[in-house]
Amino acid sequence: MKLTLAEAEQIVDAAMKGGQSIGKAFSIAVVDAGGFPLLVKRSDGARPLTPSIALAKAYTAAVMERPTRMLHDWANSNPGFFAQLSTMGTHPIVATEGGVTIKRDGEILGGLGISGGTAAEDQQVCDEVLGALGYQLEFPAWAGAKQAGEANRG
Amino acid sequence: MKLTLAEAEQIVDAAMKGGQSIGKAFSIAVVDAGGFPLLVKRSDGARPLTPSIALAKAYTAAVMERPTRMLHDWANSNPGFFAQLSTMGTHPIVATEGGVTIKRDGEILGGLGISGGTAAEDQQVCDEVLGALGYQLEFPAWAGAKQAGEANRG
Amino acid sequence: MKLTLAEAEQIVDAAMKGGQSIGKAFSIAVVDAGGFPLLVKRSDGARPLTPSIALAKAYTAAVMERPTRMLHDWANSNPGFFAQLSTMGTHPIVATEGGVTIKRDGEILGGLGISGGTAAEDQQVCDEVLGALGYQLEFPAWAGAKQAGEANRG
Amino acid sequence: MKLTLAEAEQIVDAAMKGGQSIGKAFSIAVVDAGGFPLLVKRSDGARPLTPSIALAKAYTAAVMERPTRMLHDWANSNPGFFAQLSTMGTHPIVATEGGVTIKRDGEILGGLGISGGTAAEDQQVCDEVLGALGYQLEFPAWAGAKQAGEANRG
(Lines give C-alpha, C1' and ligand atoms only; values in the text may rest on other atoms or scores of the structure.)
Protein backbone atom coordinates (compact mmCIF):
# COMPACT_ATOMS: atom_id res chain seq x y z
CA MET A 1 0.00 0.00 0.00
CA LYS A 2 1.39 3.36 -1.02
CA LEU A 3 0.64 6.77 0.37
CA THR A 4 -1.13 8.78 -2.35
CA LEU A 5 -0.58 12.42 -3.16
CA ALA A 6 -4.17 13.07 -2.03
CA GLU A 7 -3.33 11.62 1.38
CA ALA A 8 -0.15 13.64 1.54
CA GLU A 9 -2.11 16.79 0.66
CA GLN A 10 -4.60 15.99 3.42
CA ILE A 11 -1.79 15.63 5.97
CA VAL A 12 0.02 18.78 4.85
CA ASP A 13 -3.16 20.86 4.77
CA ALA A 14 -3.99 19.79 8.31
CA ALA A 15 -0.46 20.55 9.49
CA MET A 16 -0.54 23.93 7.79
CA LYS A 17 -3.76 24.75 9.65
CA GLY A 18 -2.15 23.55 12.85
CA GLY A 19 0.69 26.00 12.32
CA GLN A 20 -1.68 28.85 11.54
CA SER A 21 -3.72 28.15 14.66
CA ILE A 22 -0.64 28.74 16.82
CA GLY A 23 0.70 31.58 14.68
CA LYS A 24 3.74 29.75 13.31
CA ALA A 25 4.89 29.68 9.69
CA PHE A 26 5.61 26.00 9.05
CA SER A 27 7.47 24.17 6.38
CA ILE A 28 6.05 20.68 5.99
CA ALA A 29 7.26 17.59 4.16
CA VAL A 30 5.70 14.20 3.46
CA VAL A 31 7.82 11.40 2.01
CA ASP A 32 7.01 7.85 0.95
CA ALA A 33 8.25 4.64 2.58
CA GLY A 34 11.52 4.91 0.64
CA GLY A 35 12.05 8.45 1.87
CA PHE A 36 11.31 10.13 -1.48
CA PRO A 37 9.28 13.35 -1.38
CA LEU A 38 5.58 13.41 -2.13
CA LEU A 39 4.95 16.96 -1.01
CA VAL A 40 7.06 19.78 0.44
CA LYS A 41 5.43 23.11 1.24
CA ARG A 42 6.83 26.32 2.75
CA SER A 43 4.46 28.85 4.32
CA ASP A 44 4.94 32.53 3.61
CA GLY A 45 7.32 33.74 6.28
CA ALA A 46 9.01 30.40 6.95
CA ARG A 47 12.80 30.64 6.78
CA PRO A 48 14.60 29.48 3.60
CA LEU A 49 16.20 26.41 5.18
CA THR A 50 13.02 25.09 6.83
CA PRO A 51 11.86 23.00 3.84
CA SER A 52 15.16 21.11 3.94
CA ILE A 53 14.87 20.64 7.70
CA ALA A 54 11.30 19.35 7.36
CA LEU A 55 12.42 17.00 4.61
CA ALA A 56 15.26 15.60 6.73
CA LYS A 57 12.80 14.94 9.56
CA ALA A 58 10.29 13.24 7.26
CA TYR A 59 13.06 11.20 5.62
CA THR A 60 14.42 10.07 8.97
CA ALA A 61 10.97 9.11 10.26
CA ALA A 62 10.35 7.05 7.13
CA VAL A 63 13.60 5.18 6.70
CA MET A 64 14.35 4.71 10.42
CA GLU A 65 10.70 3.65 10.88
CA ARG A 66 10.47 5.64 14.11
CA PRO A 67 9.57 9.22 15.03
CA THR A 68 12.72 11.33 15.02
CA ARG A 69 12.50 12.12 18.73
CA MET A 70 12.88 8.39 19.51
CA LEU A 71 16.44 8.65 18.18
CA HIS A 72 17.59 11.11 20.90
CA ASP A 73 18.97 8.42 23.21
CA TRP A 74 20.85 6.71 20.42
CA ALA A 75 22.30 9.99 19.15
CA ASN A 76 23.34 10.97 22.66
CA SER A 77 24.85 7.59 23.47
CA ASN A 78 27.06 7.49 20.41
CA PRO A 79 27.08 10.87 18.64
CA GLY A 80 29.99 10.11 16.35
CA PHE A 81 28.40 6.98 14.97
CA PHE A 82 25.01 8.64 14.75
CA ALA A 83 26.48 11.48 12.68
CA GLN A 84 27.88 8.91 10.27
CA LEU A 85 24.39 7.60 9.50
CA SER A 86 23.80 10.80 7.57
CA THR A 87 26.35 9.80 4.97
CA MET A 88 24.41 6.63 4.25
CA GLY A 89 21.22 8.16 2.91
CA THR A 90 19.99 11.01 0.79
CA HIS A 91 19.19 13.39 3.62
CA PRO A 92 20.57 13.75 7.16
CA ILE A 93 19.31 11.34 9.82
CA VAL A 94 18.14 13.71 12.53
CA ALA A 95 17.40 13.14 16.21
CA THR A 96 14.98 15.88 17.12
CA GLU A 97 11.31 16.70 17.49
CA GLY A 98 8.97 17.15 14.56
CA GLY A 99 9.36 14.03 12.44
CA VAL A 100 6.81 11.22 12.70
CA THR A 101 6.52 7.94 10.83
CA ILE A 102 3.32 7.54 8.84
CA LYS A 103 1.88 4.14 9.70
CA ARG A 104 -1.45 2.47 8.97
CA ASP A 105 -2.50 -1.12 9.64
CA GLY A 106 0.98 -1.77 10.95
CA GLU A 107 2.59 -0.83 7.67
CA ILE A 108 5.13 1.98 7.30
CA LEU A 109 3.86 4.30 4.58
CA GLY A 110 6.25 7.21 4.92
CA GLY A 111 7.16 10.16 7.10
CA LEU A 112 5.90 13.59 8.06
CA GLY A 113 8.31 16.40 8.97
CA ILE A 114 7.52 19.85 10.33
CA SER A 115 9.91 22.77 10.86
CA GLY A 116 9.23 26.34 11.89
CA GLY A 117 7.81 26.13 15.39
CA THR A 118 9.43 25.23 18.67
CA ALA A 119 10.50 21.63 18.99
CA ALA A 120 7.38 20.96 21.08
CA GLU A 121 5.10 22.68 18.59
CA ASP A 122 6.56 20.86 15.60
CA GLN A 123 6.08 17.58 17.44
CA GLN A 124 2.59 18.28 18.73
CA VAL A 125 1.22 19.21 15.33
CA CYS A 126 2.74 16.07 13.78
CA ASP A 127 1.06 13.90 16.40
CA GLU A 128 -2.28 15.70 16.32
CA VAL A 129 -2.52 15.68 12.55
CA LEU A 130 -1.58 12.03 12.08
CA GLY A 131 -3.78 10.98 15.01
CA ALA A 132 -6.80 12.89 13.72
CA LEU A 133 -6.40 11.33 10.28
CA GLY A 134 -6.35 7.80 11.70
CA TYR A 135 -2.67 6.95 11.36
CA GLN A 136 -1.04 4.89 14.09
CA LEU A 137 1.17 6.64 16.61
CA GLU A 138 2.42 3.65 18.60
CA PHE A 139 5.96 2.52 17.89
CA PRO A 140 8.06 -0.07 19.68
CA ALA A 141 10.87 1.32 21.83
CA TRP A 142 14.14 1.79 20.02
CA ALA A 143 15.97 -1.14 21.53
CA GLY A 144 19.23 -0.27 19.87
CA ALA A 145 19.62 2.96 21.80
CA LYS A 146 20.12 1.45 25.20
CA GLN A 147 22.41 -1.21 23.90
CA ALA A 148 24.54 1.32 22.14
CA GLY A 149 24.72 3.21 25.41
CA GLU A 150 25.70 0.07 27.27
CA ALA A 151 28.36 -0.75 24.75
CA ASN A 152 29.79 2.71 25.17
CA ARG A 153 29.71 2.46 28.90
CA GLY A 154 31.09 -1.07 28.90
CA MET B 1 8.77 41.35 -4.34
CA LYS B 2 8.56 37.77 -3.18
CA LEU B 3 6.72 34.88 -4.74
CA THR B 4 3.98 33.80 -2.32
CA LEU B 5 2.96 30.25 -1.53
CA ALA B 6 -0.45 31.03 -3.09
CA GLU B 7 1.29 31.96 -6.34
CA ALA B 8 3.43 28.83 -6.18
CA GLU B 9 0.30 26.73 -5.61
CA GLN B 10 -1.35 28.32 -8.62
CA ILE B 11 1.65 27.51 -10.81
CA VAL B 12 1.95 23.94 -9.55
CA ASP B 13 -1.78 23.25 -9.89
CA ALA B 14 -1.72 24.45 -13.47
CA ALA B 15 1.35 22.36 -14.25
CA MET B 16 -0.24 19.32 -12.63
CA LYS B 17 -3.29 19.74 -14.89
CA GLY B 18 -0.99 20.14 -17.86
CA GLY B 19 0.58 16.79 -17.04
CA GLN B 20 -2.76 15.11 -16.58
CA SER B 21 -4.01 16.45 -19.92
CA ILE B 22 -1.17 14.64 -21.70
CA GLY B 23 -1.30 11.58 -19.48
CA LYS B 24 2.02 12.14 -17.72
CA ALA B 25 2.69 11.89 -13.99
CA PHE B 26 4.72 15.01 -13.21
CA SER B 27 6.83 16.06 -10.30
CA ILE B 28 6.84 19.84 -10.03
CA ALA B 29 8.95 22.26 -7.99
CA VAL B 30 8.80 26.00 -7.41
CA VAL B 31 11.67 27.82 -5.67
CA ASP B 32 12.18 31.45 -4.66
CA ALA B 33 14.76 33.85 -6.12
CA GLY B 34 17.46 32.45 -3.82
CA GLY B 35 16.70 28.91 -4.98
CA PHE B 36 14.97 27.79 -1.77
CA PRO B 37 11.87 25.58 -2.17
CA LEU B 38 8.36 26.95 -1.85
CA LEU B 39 6.50 23.88 -3.11
CA VAL B 40 7.47 20.44 -4.39
CA LYS B 41 4.80 17.98 -5.44
CA ARG B 42 4.99 14.46 -6.85
CA SER B 43 2.02 12.97 -8.72
CA ASP B 44 0.93 9.43 -8.03
CA GLY B 45 2.97 7.28 -10.38
CA ALA B 46 5.87 9.68 -10.80
CA ARG B 47 9.24 8.04 -10.16
CA PRO B 48 10.96 8.53 -6.80
CA LEU B 49 13.79 10.71 -8.07
CA THR B 50 11.60 13.06 -10.10
CA PRO B 51 10.99 15.56 -7.26
CA SER B 52 14.75 16.03 -6.94
CA ILE B 53 15.09 16.45 -10.69
CA ALA B 54 12.30 19.02 -10.74
CA LEU B 55 13.94 20.83 -7.83
CA ALA B 56 17.32 20.95 -9.58
CA LYS B 57 15.65 22.40 -12.68
CA ALA B 58 13.78 25.01 -10.66
CA TYR B 59 16.93 25.89 -8.69
CA THR B 60 18.99 26.29 -11.85
CA ALA B 61 16.35 28.46 -13.53
CA ALA B 62 16.24 30.70 -10.46
CA VAL B 63 19.92 31.17 -9.67
CA MET B 64 21.20 31.20 -13.26
CA GLU B 65 18.33 33.58 -14.11
CA ARG B 66 17.66 31.74 -17.37
CA PRO B 67 15.53 28.75 -18.45
CA THR B 68 17.59 25.59 -18.10
CA ARG B 69 17.48 24.79 -21.82
CA MET B 70 19.39 28.02 -22.52
CA LEU B 71 22.41 26.45 -20.81
CA HIS B 72 22.76 23.63 -23.38
CA ASP B 73 25.36 25.43 -25.49
CA TRP B 74 27.46 26.36 -22.51
CA ALA B 75 27.34 22.85 -21.06
CA ASN B 76 28.25 21.37 -24.44
CA SER B 77 31.09 23.80 -25.07
CA ASN B 78 32.84 23.09 -21.76
CA PRO B 79 31.23 20.11 -20.02
CA GLY B 80 33.92 19.74 -17.38
CA PHE B 81 33.64 23.33 -16.23
CA PHE B 82 29.86 23.20 -16.40
CA ALA B 83 29.77 20.14 -14.15
CA GLN B 84 31.84 22.02 -11.57
CA LEU B 85 29.14 24.66 -11.18
CA SER B 86 27.12 22.09 -9.28
CA THR B 87 29.58 22.22 -6.42
CA MET B 88 28.90 25.92 -5.98
CA GLY B 89 25.22 25.74 -5.07
CA THR B 90 22.75 23.70 -3.09
CA HIS B 91 21.46 21.63 -5.99
CA PRO B 92 22.95 20.58 -9.34
CA ILE B 93 23.07 23.18 -12.13
CA VAL B 94 21.34 21.37 -14.98
CA ALA B 95 21.30 22.09 -18.72
CA THR B 96 18.11 20.47 -19.95
CA GLU B 97 14.50 21.11 -20.77
CA GLY B 98 11.84 21.70 -18.14
CA GLY B 99 13.17 24.50 -15.94
CA VAL B 100 11.97 28.05 -16.46
CA THR B 101 12.80 31.24 -14.59
CA ILE B 102 9.78 32.91 -12.96
CA LYS B 103 9.91 36.58 -13.92
CA ARG B 104 7.44 39.43 -13.53
CA ASP B 105 7.92 43.13 -14.27
CA GLY B 106 11.52 42.31 -15.19
CA GLU B 107 12.30 40.91 -11.76
CA ILE B 108 13.49 37.35 -11.13
CA LEU B 109 11.10 35.82 -8.57
CA GLY B 110 12.20 32.19 -8.68
CA GLY B 111 12.11 29.07 -10.80
CA LEU B 112 9.71 26.35 -11.97
CA GLY B 113 10.92 22.81 -12.65
CA ILE B 114 9.00 19.90 -14.14
CA SER B 115 10.12 16.28 -14.43
CA GLY B 116 8.24 13.22 -15.58
CA GLY B 117 7.41 13.82 -19.22
CA THR B 118 9.62 13.91 -22.26
CA ALA B 119 12.02 16.85 -22.42
CA ALA B 120 9.67 18.57 -24.86
CA GLU B 121 6.62 17.94 -22.67
CA ASP B 122 8.31 19.18 -19.50
CA GLN B 123 9.35 22.33 -21.34
CA GLN B 124 6.03 22.95 -23.04
CA VAL B 125 4.04 22.75 -19.84
CA CYS B 126 6.48 25.10 -18.08
CA ASP B 127 6.09 27.67 -20.84
CA GLU B 128 2.32 27.30 -21.18
CA VAL B 129 1.68 27.54 -17.45
CA LEU B 130 3.90 30.55 -16.83
CA GLY B 131 2.65 32.29 -19.96
CA ALA B 132 -1.00 31.73 -19.06
CA LEU B 133 -0.41 33.11 -15.58
CA GLY B 134 1.14 36.30 -16.92
CA TYR B 135 4.82 35.68 -16.14
CA GLN B 136 7.41 36.86 -18.64
CA LEU B 137 9.02 34.32 -20.94
CA GLU B 138 11.54 36.50 -22.76
CA PHE B 139 15.14 36.18 -21.65
CA PRO B 140 18.26 37.71 -23.18
CA ALA B 141 20.43 35.24 -25.10
CA TRP B 142 23.14 33.59 -23.03
CA ALA B 143 26.01 35.37 -24.70
CA GLY B 144 28.71 33.42 -22.92
CA ALA B 145 27.77 30.09 -24.38
CA LYS B 146 28.66 30.58 -28.00
CA GLN B 147 31.90 32.33 -27.35
CA ALA B 148 32.98 29.71 -24.87
CA GLY B 149 32.35 27.21 -27.64
CA GLU B 150 34.41 29.22 -30.05
CA ALA B 151 37.23 29.56 -27.60
CA ASN B 152 37.26 25.82 -27.09
CA ARG B 153 37.22 25.18 -30.77
CA GLY B 154 39.82 27.88 -31.44
CA MET C 1 13.96 45.24 -2.62
CA LYS C 2 17.52 44.13 -3.23
CA LEU C 3 20.66 45.20 -1.44
CA THR C 4 22.86 47.03 -3.96
CA LEU C 5 26.60 46.75 -4.27
CA ALA C 6 26.85 50.42 -3.25
CA GLU C 7 25.01 49.60 -0.02
CA ALA C 8 27.24 46.60 0.56
CA GLU C 9 30.33 48.77 -0.01
CA GLN C 10 29.03 51.30 2.49
CA ILE C 11 28.54 48.58 5.12
CA VAL C 12 31.92 46.96 4.50
CA ASP C 13 33.78 50.30 4.50
CA ALA C 14 32.23 51.20 7.84
CA ALA C 15 33.07 47.79 9.28
CA MET C 16 36.63 48.05 8.01
CA LYS C 17 36.99 51.41 9.79
CA GLY C 18 35.50 49.84 12.90
CA GLY C 19 38.20 47.18 12.82
CA GLN C 20 40.96 49.72 12.28
CA SER C 21 39.74 51.84 15.18
CA ILE C 22 40.27 48.90 17.55
CA GLY C 23 43.43 47.72 15.85
CA LYS C 24 42.00 44.50 14.42
CA ALA C 25 42.45 43.19 10.88
CA PHE C 26 38.95 42.15 9.85
CA SER C 27 37.58 40.04 7.05
CA ILE C 28 34.07 41.18 6.18
CA ALA C 29 31.35 39.65 4.03
CA VAL C 30 27.96 40.87 2.84
CA VAL C 31 25.50 38.49 1.16
CA ASP C 32 22.05 39.00 -0.35
CA ALA C 33 18.79 37.57 0.99
CA GLY C 34 19.43 34.23 -0.73
CA GLY C 35 22.88 34.01 0.88
CA PHE C 36 24.87 34.75 -2.29
CA PRO C 37 27.93 37.03 -1.88
CA LEU C 38 27.85 40.69 -2.81
CA LEU C 39 31.19 41.66 -1.29
CA VAL C 40 33.95 39.87 0.62
CA LYS C 41 37.02 41.78 1.75
CA ARG C 42 40.10 40.72 3.73
CA SER C 43 42.26 43.33 5.47
CA ASP C 44 46.01 43.10 5.25
CA GLY C 45 47.07 40.90 8.11
CA ALA C 46 43.79 39.00 8.46
CA ARG C 47 44.30 35.24 8.49
CA PRO C 48 43.66 33.23 5.29
CA LEU C 49 40.51 31.48 6.53
CA THR C 50 38.82 34.61 7.89
CA PRO C 51 37.02 35.51 4.63
CA SER C 52 35.36 32.07 4.66
CA ILE C 53 34.42 32.50 8.32
CA ALA C 54 32.95 35.93 7.63
CA LEU C 55 31.05 34.50 4.67
CA ALA C 56 29.59 31.67 6.76
CA LYS C 57 28.44 34.17 9.38
CA ALA C 58 26.85 36.43 6.76
CA TYR C 59 25.21 33.44 5.06
CA THR C 60 23.78 32.15 8.31
CA ALA C 61 22.43 35.57 9.31
CA ALA C 62 20.73 35.88 5.92
CA VAL C 63 19.14 32.45 5.50
CA MET C 64 18.28 31.86 9.16
CA GLU C 65 16.92 35.42 9.28
CA ARG C 66 18.48 35.99 12.70
CA PRO C 67 21.87 37.21 13.99
CA THR C 68 24.18 34.24 14.39
CA ARG C 69 24.53 34.67 18.16
CA MET C 70 20.79 34.03 18.54
CA LEU C 71 21.45 30.43 17.45
CA HIS C 72 23.68 29.63 20.46
CA ASP C 73 20.88 28.10 22.55
CA TRP C 74 19.66 25.96 19.71
CA ALA C 75 23.15 24.74 18.85
CA ASN C 76 23.84 23.96 22.50
CA SER C 77 20.54 22.17 23.05
CA ASN C 78 21.01 19.79 20.13
CA PRO C 79 24.54 20.07 18.70
CA GLY C 80 24.27 17.02 16.48
CA PHE C 81 21.15 18.24 14.75
CA PHE C 82 22.51 21.75 14.50
CA ALA C 83 25.65 20.50 12.78
CA GLN C 84 23.49 18.75 10.19
CA LEU C 85 21.98 22.05 9.09
CA SER C 86 25.27 22.81 7.39
CA THR C 87 24.65 20.09 4.84
CA MET C 88 21.45 21.83 3.74
CA GLY C 89 22.97 25.05 2.46
CA THR C 90 25.94 26.39 0.57
CA HIS C 91 27.98 27.43 3.60
CA PRO C 92 28.09 26.23 7.22
CA ILE C 93 25.30 27.39 9.55
CA VAL C 94 27.22 28.91 12.44
CA ALA C 95 26.15 29.76 15.98
CA THR C 96 28.57 32.43 17.08
CA GLU C 97 29.10 36.15 17.38
CA GLY C 98 29.73 38.39 14.41
CA GLY C 99 26.93 37.67 11.95
CA VAL C 100 23.95 40.00 11.74
CA THR C 101 20.91 39.95 9.49
CA ILE C 102 20.53 43.02 7.27
CA LYS C 103 16.95 44.22 7.64
CA ARG C 104 15.16 47.37 6.52
CA ASP C 105 11.45 48.19 6.69
CA GLY C 106 10.90 44.73 8.13
CA GLU C 107 12.34 43.00 5.08
CA ILE C 108 15.34 40.65 5.18
CA LEU C 109 17.86 42.00 2.67
CA GLY C 110 20.89 39.86 3.47
CA GLY C 111 23.60 39.29 6.06
CA LEU C 112 26.81 40.86 7.35
CA GLY C 113 29.63 38.72 8.73
CA ILE C 114 32.82 39.85 10.43
CA SER C 115 35.80 37.70 11.44
CA GLY C 116 39.17 38.68 12.85
CA GLY C 117 38.46 40.23 16.22
CA THR C 118 37.28 38.67 19.44
CA ALA C 119 33.71 37.38 19.40
CA ALA C 120 32.61 40.51 21.24
CA GLU C 121 34.47 42.82 18.85
CA ASP C 122 33.12 41.12 15.74
CA GLN C 123 29.61 41.44 17.15
CA GLN C 124 29.93 45.00 18.34
CA VAL C 125 31.16 46.29 15.00
CA CYS C 126 28.34 44.46 13.18
CA ASP C 127 25.76 46.09 15.42
CA GLU C 128 27.33 49.56 15.38
CA VAL C 129 27.74 49.63 11.64
CA LEU C 130 24.27 48.41 10.78
CA GLY C 131 22.70 50.62 13.43
CA ALA C 132 24.54 53.71 12.23
CA LEU C 133 23.44 53.04 8.65
CA GLY C 134 19.79 52.80 9.64
CA TYR C 135 19.24 49.06 9.38
CA GLN C 136 16.98 47.40 11.93
CA LEU C 137 18.54 45.46 14.78
CA GLU C 138 15.46 44.08 16.50
CA PHE C 139 14.67 40.43 15.88
CA PRO C 140 12.03 38.23 17.50
CA ALA C 141 13.41 35.75 20.02
CA TRP C 142 14.29 32.37 18.56
CA ALA C 143 11.50 30.50 20.27
CA GLY C 144 12.61 27.09 19.10
CA ALA C 145 15.86 27.14 20.95
CA LYS C 146 14.73 27.01 24.53
CA GLN C 147 12.08 24.45 24.01
CA ALA C 148 14.45 22.21 22.12
CA GLY C 149 16.71 22.44 25.13
CA GLU C 150 13.86 21.55 27.45
CA ALA C 151 12.87 18.61 25.33
CA ASN C 152 16.41 17.33 25.41
CA ARG C 153 16.70 17.80 29.09
CA GLY C 154 13.24 16.31 29.66
CA MET D 1 56.08 39.70 -1.22
CA LYS D 2 52.36 39.65 -0.60
CA LEU D 3 49.56 41.20 -2.59
CA THR D 4 47.97 43.92 -0.46
CA LEU D 5 44.28 44.68 -0.19
CA ALA D 6 45.01 48.08 -1.81
CA GLU D 7 46.49 46.27 -4.81
CA ALA D 8 43.53 43.90 -4.95
CA GLU D 9 41.15 46.89 -4.81
CA GLN D 10 43.05 48.52 -7.67
CA ILE D 11 42.74 45.36 -9.79
CA VAL D 12 39.06 44.83 -9.00
CA ASP D 13 38.16 48.48 -9.62
CA ALA D 14 39.85 48.37 -13.01
CA ALA D 15 38.10 45.11 -13.90
CA MET D 16 34.75 46.54 -12.79
CA LYS D 17 35.30 49.50 -15.11
CA GLY D 18 36.27 47.09 -17.87
CA GLY D 19 32.94 45.30 -17.41
CA GLN D 20 30.99 48.55 -17.39
CA SER D 21 32.69 49.73 -20.56
CA ILE D 22 31.36 46.69 -22.43
CA GLY D 23 28.00 46.67 -20.63
CA LYS D 24 28.54 43.47 -18.65
CA ALA D 25 27.81 42.96 -14.96
CA PHE D 26 30.92 41.23 -13.66
CA SER D 27 31.71 39.33 -10.52
CA ILE D 28 35.41 39.63 -9.76
CA ALA D 29 37.66 37.82 -7.32
CA VAL D 30 41.27 38.31 -6.26
CA VAL D 31 43.03 35.67 -4.15
CA ASP D 32 46.49 35.49 -2.64
CA ALA D 33 49.26 33.04 -3.56
CA GLY D 34 47.69 30.37 -1.34
CA GLY D 35 44.36 30.80 -3.05
CA PHE D 36 42.64 32.56 -0.13
CA PRO D 37 40.32 35.48 -0.98
CA LEU D 38 41.42 39.07 -0.66
CA LEU D 39 38.43 40.60 -2.41
CA VAL D 40 35.27 39.29 -4.07
CA LYS D 41 32.78 41.72 -5.56
CA ARG D 42 29.50 41.19 -7.39
CA SER D 43 28.10 43.97 -9.60
CA ASP D 44 24.43 44.79 -9.46
CA GLY D 45 22.80 42.51 -12.00
CA ALA D 46 25.43 39.76 -11.92
CA ARG D 47 23.91 36.33 -11.37
CA PRO D 48 24.03 34.77 -7.87
CA LEU D 49 26.56 32.06 -8.73
CA THR D 50 29.04 34.35 -10.48
CA PRO D 51 31.05 35.27 -7.36
CA SER D 52 31.71 31.56 -6.78
CA ILE D 53 32.68 31.09 -10.42
CA ALA D 54 35.04 34.08 -10.28
CA LEU D 55 36.55 32.73 -7.07
CA ALA D 56 37.16 29.30 -8.61
CA LYS D 57 38.92 30.94 -11.56
CA ALA D 58 41.09 33.11 -9.31
CA TYR D 59 41.87 30.13 -7.06
CA THR D 60 42.86 27.98 -10.00
CA ALA D 61 45.06 30.68 -11.52
CA ALA D 62 46.84 31.13 -8.19
CA VAL D 63 47.44 27.55 -7.10
CA MET D 64 48.06 26.12 -10.57
CA GLU D 65 50.32 29.14 -11.27
CA ARG D 66 48.93 29.48 -14.77
CA PRO D 67 45.98 31.30 -16.36
CA THR D 68 42.95 29.01 -16.33
CA ARG D 69 42.73 28.86 -20.13
CA MET D 70 46.16 27.21 -20.24
CA LEU D 71 44.57 24.18 -18.59
CA HIS D 72 42.22 23.45 -21.51
CA ASP D 73 44.52 20.94 -23.19
CA TRP D 74 45.17 19.08 -19.99
CA ALA D 75 41.48 18.96 -19.09
CA ASN D 76 40.62 17.72 -22.57
CA SER D 77 43.37 15.13 -22.66
CA ASN D 78 42.37 13.51 -19.38
CA PRO D 79 39.01 14.84 -18.21
CA GLY D 80 38.47 12.25 -15.50
CA PHE D 81 41.78 12.95 -13.84
CA PHE D 82 41.32 16.69 -14.26
CA ALA D 83 37.95 16.52 -12.52
CA GLN D 84 39.60 14.79 -9.59
CA LEU D 85 41.89 17.77 -9.02
CA SER D 86 38.88 19.65 -7.71
CA THR D 87 38.66 17.35 -4.72
CA MET D 88 42.20 18.28 -3.71
CA GLY D 89 41.67 21.96 -3.00
CA THR D 90 39.19 24.37 -1.51
CA HIS D 91 37.56 25.41 -4.77
CA PRO D 92 37.16 23.67 -8.13
CA ILE D 93 40.13 23.66 -10.50
CA VAL D 94 38.62 25.08 -13.67
CA ALA D 95 39.84 25.01 -17.26
CA THR D 96 38.19 27.98 -18.86
CA GLU D 97 38.70 31.62 -19.79
CA GLY D 98 38.71 34.42 -17.24
CA GLY D 99 41.25 33.41 -14.62
CA VAL D 100 44.77 34.87 -14.71
CA THR D 101 47.71 34.41 -12.39
CA ILE D 102 48.94 37.60 -10.73
CA LYS D 103 52.71 37.72 -11.19
CA ARG D 104 55.31 40.42 -10.58
CA ASP D 105 59.09 40.19 -10.80
CA GLY D 106 58.68 36.52 -11.58
CA GLU D 107 56.88 35.83 -8.33
CA ILE D 108 53.36 34.38 -8.13
CA LEU D 109 51.30 36.75 -5.96
CA GLY D 110 47.79 35.36 -6.50
CA GLY D 111 45.00 35.09 -9.02
CA LEU D 112 42.31 37.20 -10.66
CA GLY D 113 38.99 35.67 -11.73
CA ILE D 114 36.19 37.30 -13.70
CA SER D 115 32.72 35.89 -14.41
CA GLY D 116 29.73 37.48 -16.09
CA GLY D 117 30.80 38.20 -19.65
CA THR D 118 31.47 35.88 -22.52
CA ALA D 119 34.53 33.68 -22.14
CA ALA D 120 36.43 36.04 -24.43
CA GLU D 121 35.30 39.12 -22.53
CA ASP D 122 36.18 37.67 -19.13
CA GLN D 123 39.63 36.80 -20.47
CA GLN D 124 40.27 40.07 -22.24
CA VAL D 125 39.47 42.20 -19.21
CA CYS D 126 41.71 40.03 -17.03
CA ASP D 127 44.61 40.49 -19.43
CA GLU D 128 44.04 44.21 -20.01
CA VAL D 129 43.71 45.02 -16.32
CA LEU D 130 46.75 43.08 -15.19
CA GLY D 131 48.80 44.32 -18.13
CA ALA D 132 47.88 47.96 -17.52
CA LEU D 133 48.80 47.63 -13.85
CA GLY D 134 52.23 46.26 -14.65
CA TYR D 135 51.77 42.60 -13.78
CA GLN D 136 53.48 40.00 -15.95
CA LEU D 137 51.40 38.07 -18.44
CA GLU D 138 54.00 35.65 -19.77
CA PHE D 139 53.79 32.10 -18.50
CA PRO D 140 55.74 29.04 -19.61
CA ALA D 141 53.73 26.52 -21.63
CA TRP D 142 51.98 23.90 -19.54
CA ALA D 143 54.30 21.03 -20.27
CA GLY D 144 52.15 18.55 -18.42
CA ALA D 145 49.29 18.89 -20.82
CA LYS D 146 51.02 17.39 -23.81
CA GLN D 147 52.55 14.67 -21.75
CA ALA D 148 49.22 13.76 -20.28
CA GLY D 149 47.88 13.62 -23.82
CA GLU D 150 50.77 11.42 -24.90
CA ALA D 151 50.28 9.14 -21.97
CA ASN D 152 46.64 8.77 -22.89
CA ARG D 153 47.46 8.06 -26.47
CA GLY D 154 50.32 5.71 -25.61
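Per-chain residue numbering starts at 1, and chain names A, B, C and D are given in the order in which the chains are listed.
In this text, a contact is a pair of C-beta atoms (placed from the backbone, for glycine too) under 8 Å apart; a residue touches a chain by one contact, two chains touch by 3 or more.
Values in this document were obtained by computation on a predicted structure and should not be read as measured data.
Identification of common neighbours of chain A and chain C yields B.
Residue-numbered contact pairs of C-D overlap by over half with those of A-B, the repeat interface among A-C, B-D or A-B. Chain A and chain B have CA centres that are 29 Å apart.
Centre to centre, using the average C-alpha position, chain A and chain D are separated by 45 Å.
Chain B and chain C, compared by their mean Cα positions, are separated by 31 Å.
The multi-chain contact residues of chain C, meaning those touching 2 or more other chains, are 32, 34-36, 63, 88-89.
By the definition given earlier, chain contacts exist for A-B, A-C, B-C, B-D, C-D.
Listing the residues of chain A that touch chain B in their complex gives 2, 4-6, 32, 34, 36-44, 48-49, 51-52.
By the touch rule above, chain D contacts chain B in their complex via residues 47-49, 52-53, 56, 69, 72, 75, 79, 82-83, 86, 92, 94-97, 117-121, 123.
By the touch rule above, chain C contacts chain B in their complex via residues 32-36, 63, 88-90.
By the touch criterion stated above, chain B contacts chain D in their complex at residues 34-35, 63-65, 78-81, 83-85, 87-89, 93, 143-144, 146-148, 150-152.
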